[in-house]
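Below are two complexes that have subunit A in common, paired first with subunit B and then with subunit C.
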Partner chain A sequence: MEDSALEPLFVFIAYSVSTIQRSFNALPGSAVIVRYVKSSHQNDPFRTILEAILVIFAIRTLLQSRTRSDTTGRHFIKFTANEIDELVDEWSPEPLVPSLNEAELADLASVPVTVGPPGPKPKLQSTGKTAINLASYNFAGLSGNDKVKDRAVSVLRNYGLGSCGPPGFYGTNDIHLDLERDIANFLGTEAAIIYSQGFSTISSVIPAFSKRGDIVIADRGASRSLRSTVRWYDHNDLNSLEEVMQSVAKEIKTKRWRLTRRFIVTEGIFENDGAMSDLPKLVELGRKYKYRLILDESFSFGTVGRTGRGLTELYNVPANQIDLIVGSLANTLAGCGGFCAGSRIAVNHQRINGTSFVFSAAMPGMLAMAASEGIQILTSTPSILSNLHTNIFTLRSILDKIDCITIPSHPASAIIHIQLRDPIEPAGNGLPTTARAVSRRPSNPTSLVPRDLVVFDIGAEEKLLQEVVDEALAQGILITRARRLRGQEALEPRPSIKIAASAAVSKKDTEKAASILKGILTKVLGKK
Partner chain B sequence: MTQPSSVFDDSDVADGTGLIIPLQPPSSAQVFHTVHSEFGHCDNQLQRHTSRHPLGVPLERTEEQDPPYYILITTYLSFVFFICLGHLRDFLGKRWNPELYSHLIPSDGYAAFSSDFDSFYTRRLKSRLDDCFSRPVTGVPGRTIILLDRVSPDYNATFHLTGKHIRGLNVSSYNYLGFAQTQGGCADAVETSIGRYGLSSMGGRMEGGTTDLHVQAEALVSRFVGHEDSIIGSMGFATNSTTIPALVGKGSLVISDEYNHASIRYGVRVSGAQVRMFKHNNMEDLENLLREVISQGQPKTHRPWKKILLVVEGLYSMEGTLVNLPAVVALKQKYKFYLYVDEAHSIGALGPHGRGVCDYFGVNPRSIDILMGTFTKSFGAAGGYIAGPKPLIAALRIRTHAGSYAEAMSPVVLTQVIASMGSIMGVADSPKHLEVSSSASTSTIQANGLRDGSEGRERLRRLAFNVRYLSRGLKKLGFITYGHEDSPVIPMLLFNPGKMLLFSRLMLEWKVPIVVVVVAYPATPLVTSRVRFCLSASHVKTDVDMLLRACDEIGDLLDLKHGHVKERWTVDKIIDNALQIAKDASFS
Partner chain C sequence: MPSPTSSGGINLRPINILPPGNNTLTFTSSAAARRRGRSGSIVAVQEVGGGQEEFLDQSAFPNLNAGWVNGKGAWVIHPFLIFVGKVLVDSIPGMQQNLSWTIVNLGYMLISYFMFHYVTGVPFGSDSHGGAYDDLTLWEQIDEGAQYTPAKKWLVCTPIALFLISTHYTHYDPWAFAINFTALLFVLLAKLPQLHRQRLRFMPSARSHH
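So, the complex of A and B:
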């Protein structure tokens, strides 16, 4: 009875097996697989099992999604639903952001707000009066240029304002193409690419080229987050750079690293203190040790050199010797955004790999036009920059004579940082004061801490400097403290006052402002 | 009233396409203040709809239909084929034509500029499709757009402009409310602002770059989105990528939707927080993940997380899906995470008042900790904002990189934001401090339609109609589309990579040129290459009709109709029943 009951099942199984066999044999190439499995199994049954496991593992890896949960890990603890509920009830998160302390609130309250255009004499919201503007990055005085305004209106009436799309999807228009060509021609590089925010340019350029395993040597004064192997050299000290390069070369030899891309990352004029890099030496070192050079010219482009082409013009170094020049279009050129100029290959590479280029909307055409027009004006009217250089000279000749301050900025820099001459030592926070002693020992390139660590009390210094700023504002001069993200920078820069020279401010006003500032600085800082 | 003073004045071109001159000339009773090629003429009040989710009804998960197997197999095969061919070409090319590969080969002691493995996809697969990407344009990206015609003599290695212009229907730009205009109240306001402020703020927000316009715009934005305060940044990408690191760090966890935008991922990576992803818009998966991470705590140490931040987008621009906000907010109550909603695409484009997903679902915006959005899309400007409680925004002003180091937003862009956003809100009704007074700043909004908000409402209702009509129409034709039917982004599936190129070309060379965006891997999963239609309030019904006709024709040609629908309709039937299609509460 049982046999007959099961018989249809057996028939079915036998039929299915033979069908599967037949269809498998019908597949082209199936004979090869069968032969392969048979022969490998005869040689080494263990190998068949191993290969089967490999195949299963490969399939499993393929099927695993990136949203999988990690319930099998060694550290995983199993809970019952009730226990989880209890844990959920128990958990109380920290506040999303800690509330601001008094110093920070004061910081925020002291941000100047201008009413109307940021020209040479803007009106301030707090006082209702005008002030001489030594805060805006209006280096060449292009803000509010009438020719640019006229052209802006015609762009508005033909292109509208927004680009309404990323560059890859119909966001690129002929104004953008013209600007890219203008920048490349101006600097003398093969090509250039524009980004829609100056600040985001460098942080997109570096990761586009420097991948895992590559080596980046960066100046301690210029810190960004990177995934590559980073080494640091002392701020603006090229001997230190060479030492670091040698140590890397040694490391490569001893550890037998494969050949990877190597970069030097530094700024032309440093935003944090206005110091200037020695470009010819940098290029030479780069050549010698086979490093590519990424130079951030945000503050040197449009301010130094006869027509504002930046460090390359000042030092007479052909721009094609620098692999990537990054700059801002928002400062001197009074547009917005940033650019990266270099070889055609380097630029095209960013069109697909520069995250903030690909995933961000193209900049408004009107602002791209402003930058193009700015370049045009700089090239055709060199007198603009000679005015700027005269004003910088005027400022420096007065400020340099003050005893109680230090100016770390280069004499040609359009941003002038003023620091306290003697750092205020923090009161009893346990930091060794010996750190200030000058040692000749080279610094540790894997750490951001410089060789001669200067210890200073940020809060006290900032408070004093803010007093100077407030007093200056009361006397009709708009300057600001260099604002920094305290606690978020890898290396805290010294507090400073940042003065931006401008060609738009007359020589007389510049002189007047500098003298008033001198008085205030001596009064406020001299008394301590 | 229209003054096409444009250099792109191609009114001498024999039209008949309806792109420049309406197919039906306006009657004497109709007065339009817009340029038809930028913002279509339409005063048919029946062709309007309101974008709103019925209160209390749970959001249905949008189904993602699968294509027949042969489509999947041919898609995979074409990728396999191109990958093999690409490697073969690399192999032979490096030996026979090394100078073409110089940037991929180490030379003179320098490592290769980019690794051939990293750039393989770009060189060997994407370059075949380059014809559809990065097409340069000119003029305003409004209802129509002008392409600069280009040719490639060397298989897409370089492109040369021919000097010819092609005007096409624009279903590609993120111009949801049609504010990309050269005429009209917003453009007039911007012109005034150019004269008064110039083009740049010349500095960072903390260092003298703040003008009264910044203060005014931030007050307006916070009112618009319904939060206490807001901060404006000059770039949308940077708004995400610099704010997230200021919120979370080591010891915190970010829970992120798997399809979140690159800027969010970048921000999370920089922040140093742990990150876990959940299946796209899947609330069960999210809850399971939440239960797991809260009960387990930090990896290895099992210490409780300092805080958990959930980052979702309001509208996913590649998928067209809306976040299930009511469910997320309910989870938030229970699991106490902080909620960050990126409204880059949804702000201005969704909801009866255009105020984004909160408005659409009727959720109180204050129940969300951080609302982020951009001005690039609906408002025809640039940059982004973060809105939230006052102390939080104050902290962000001081603690984000973009706040301290990046340039402040240009005054003209701010004016566009104020004018366009104000026109949706109707600033005439708003309290006095928002009144755009002529003494302190520009007399920003002059046109009456902008002041009382009637023009903004009209735009919202036009967009809502167009979107539903196209989305449901495509389904009825038999196409596979993804996403929610009220989403202004409508992805339509093409699958085979070769069809992307063909579809994009055929649409452009159709009897009325239509400009479309095709997207593929890595922006989408490998097999689901798609075309993405972005509709706008500037489109009129005849534009959508035309688009449906083109899709119908080309869809048949390329074998794209694989969707399951109760009953397929012909394109004529769909066009005749447009009102019913767009307005029925549930239509299938």
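So, the complex of A and C:
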């Protein structure tokens, strides 16, 4: 029985084999191939099979179609028509401006409105009375200065308003060149370059010099995202910086990295808490381990030092020992934009490689003249800065005595951050509440987050601080919380009240404001 | 005066600010290796050069280093150079055909392996790509990483054809066959699409830097 079942199969196989043989013999040149294979076989079937596999592999490779390349096709997701329809049906448009939640509405309502030009004693719209302004950045009292205004108006009449182009493309005129020269002379560096937007200055300067493969060691209090290898050291802790540099040196040696550029990025006075870097030690560490120093002097330029030249004047360090000094003309000089000062080569490199310099419009001529005039006023009347320092000293001497707050700012810093002394722990979070524990092991340099994280409830602390601010406004003092965009950083700065001392406010007014503030703080925070 | 605390009070949000790709890969694998000690495997396969930033930088300018394989005469040069090499090797007095073909075959495999699969990066113009090709061999740079392109097909078929011709003319001597076949295997393995941007690391202790 099996024979008869399998017989048609055998017949079929024999028939197909003979058909293949006949058709193969009919091909031209098939006899040559058969003869060649027979003669090359030479009783070595293994080798023949290997060669046959090679030939089949080559033919298969030739017949394959081309795949997508890395750069274009990699992230392309293929949807079926059904999936596309589903996604289209599911989609509902979101409003362009989402409605505010309760906290955001309260935030918006807490912003006071002033009437008239800004100054040290503006008139409040809500009460109609004047208030002492300790919230605006008016450190040298240049805001609303008449001389600056006159010069700016004359430039406006002569040059018009806008620069009509990027600085490298017909946007530069003699006012910009004068300002660059003034800044360089003021700081004592070889040259300076100005950027038209203060916030984008540092994010143009760093990528102009630090490329893929370079090493940047940045302070945890100043976080930026870079393409280079970034290591972090603890906020304002130079011992931690030295440890990180040594670990990087060890890594370079063991893993045989190529010799690349190395940078330290830190701020002169940190915006988040007003702490000040120890400049001589930074310079010394940079020399020892061969790192270039990028110092962001956004808040120390124009406020620190006898004539406002910044950290270099305060610590008596020659400015050419710092490779790049980056600063802001908008914070302290009542102009706009920022600058980067350094050696002539470094500054000229940025004229092509600083992205904001190449692609953004140049700053308007009258604002550049305002900044120039501001520098002129600072150098000619050193009494302005001594007034500012007196005011800072007055504020600190009264505020430091308050028990329930902590002030992380440096005594010479013009921005004074007031934080709650005891952090409010987040409710129901289960996180450890050791607020004062300091880890003895160093934090991991590759991670932005330090080893010992103090957690606190941002919402509760901000609400408490806002009570203080509202009470102060009712009593005629204009202060503000440090406003931040939450949810954008991995390391959130602590909520604080930011007081900006000003030389335009008289010493008497500053004392009055400080004592009123002391009363309010003890009242609101003491009963917490 | 109150002194600032060293850990100044920071709240952690679950937001991943590190871009996906190289950074997290470096962090997790080197941290893992540090925790485990030296990795136990003898051979490990690791991927290189796949970050989003690398792709962005690569597509900024055409790659002059890899463009020439599609140019005029870049294909003909292979059999031409093989022919010239064979003539030169044959001109050595006392050279036998066996040895000559083996030398030509091995020489071609060695030089093409070194040129296409060992040397990485772009030897000129570091400003135009910013080091985006530093981890990629010439083979991986050709046609921006697409597989089975005409240039790649030619470069796969040439060693195979050279090998078959050389075994034919050495009269199928088994030792010559074995040596030539091993060399061919190395070259073909390196050209496989499955090994695109993969590296074989021997005795990996921690991931090397770039």
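A few comments on the model shown:
Keep this in mind: the second predicted complex is superposed on the first by the 417 of 528 C-alpha atoms of A that agree within 3 Å, B and C clash if a C-alpha of one lies under 4 Å from a C-alpha of the other, contacts with A are read in each partner's own complex, and residues count from 1 in each chain.
To be clear about the criterion, a contact is a pair of C-beta atoms (placed from the backbone, for glycine too) under 8 Å apart; a residue touches a chain by one contact, two chains touch by 3 or more.
Keep in mind that this is a model prediction, so the values were computed, not measured.
Of the two partner chains, subunit C is the only one that A:54 touches; subunit B does not reach it.
In the superposed pair of complexes, A:196 makes contact with subunit B only, with no contact to subunit C.
Contacts of A:425 after superposition on the shared chain: neither subunit B nor subunit C is touched.
By the document's definition of touching, of the two partners only subunit B reaches A:334; subunit C does not.
Judged by the touch definition given at the top, the superposed model places A:211 against both subunit B and subunit C. Shared-chain residue A:400: touches subunit C; no touch with subunit B.
Of the two partners, subunit B and subunit C, it is B that touches more residues of subunit A. Looking at subunit A, you'll find residues 65-67, 69, 71, 211, 225, 488 touch subunit B in one structure and subunit C in the other.
Interface of subunit A with subunit C (complex): residues 40, 42, 44, 47, 50-51, 54-55, 57-58, 61-62, 64-72, 74, 211-213, 221, 225, 227, 229, 234-237, 251, 255, 257, 273, 275, 396, 400, 406-408, 411, 419, 423, 426, 436, 438-439, 446-450, 452-456, 458, 487-494.
Only residues 1-2, 4-13, 15, 17, 19, 26-27, 50, 53, 55, 57-59, 130-132, 134, 143-149, 153, 156-157, 160-161, 163-164, 167-168, 172, 174, 177, 181, 184, 188, 193, 197, 206, 208-210 of subunit C touch subunit A when the two sit together in their complex.
Residues of subunit A that touch subunit B in their complex: 65-67, 69, 71, 75-77, 79, 83-84, 87-88, 91-100, 104-105, 107-108, 111-119, 125, 133, 135-138, 143-145, 148-149, 152-153, 156-165, 167-174, 176-177, 196-200, 209, 211, 214, 225, 259-262, 271, 290, 292, 328, 330-331, 334-336, 345-346, 349, 351-353, 355-356, 358-361, 363-364, 366-367, 370, 478, 480, 482-485, 488, 498, 500.
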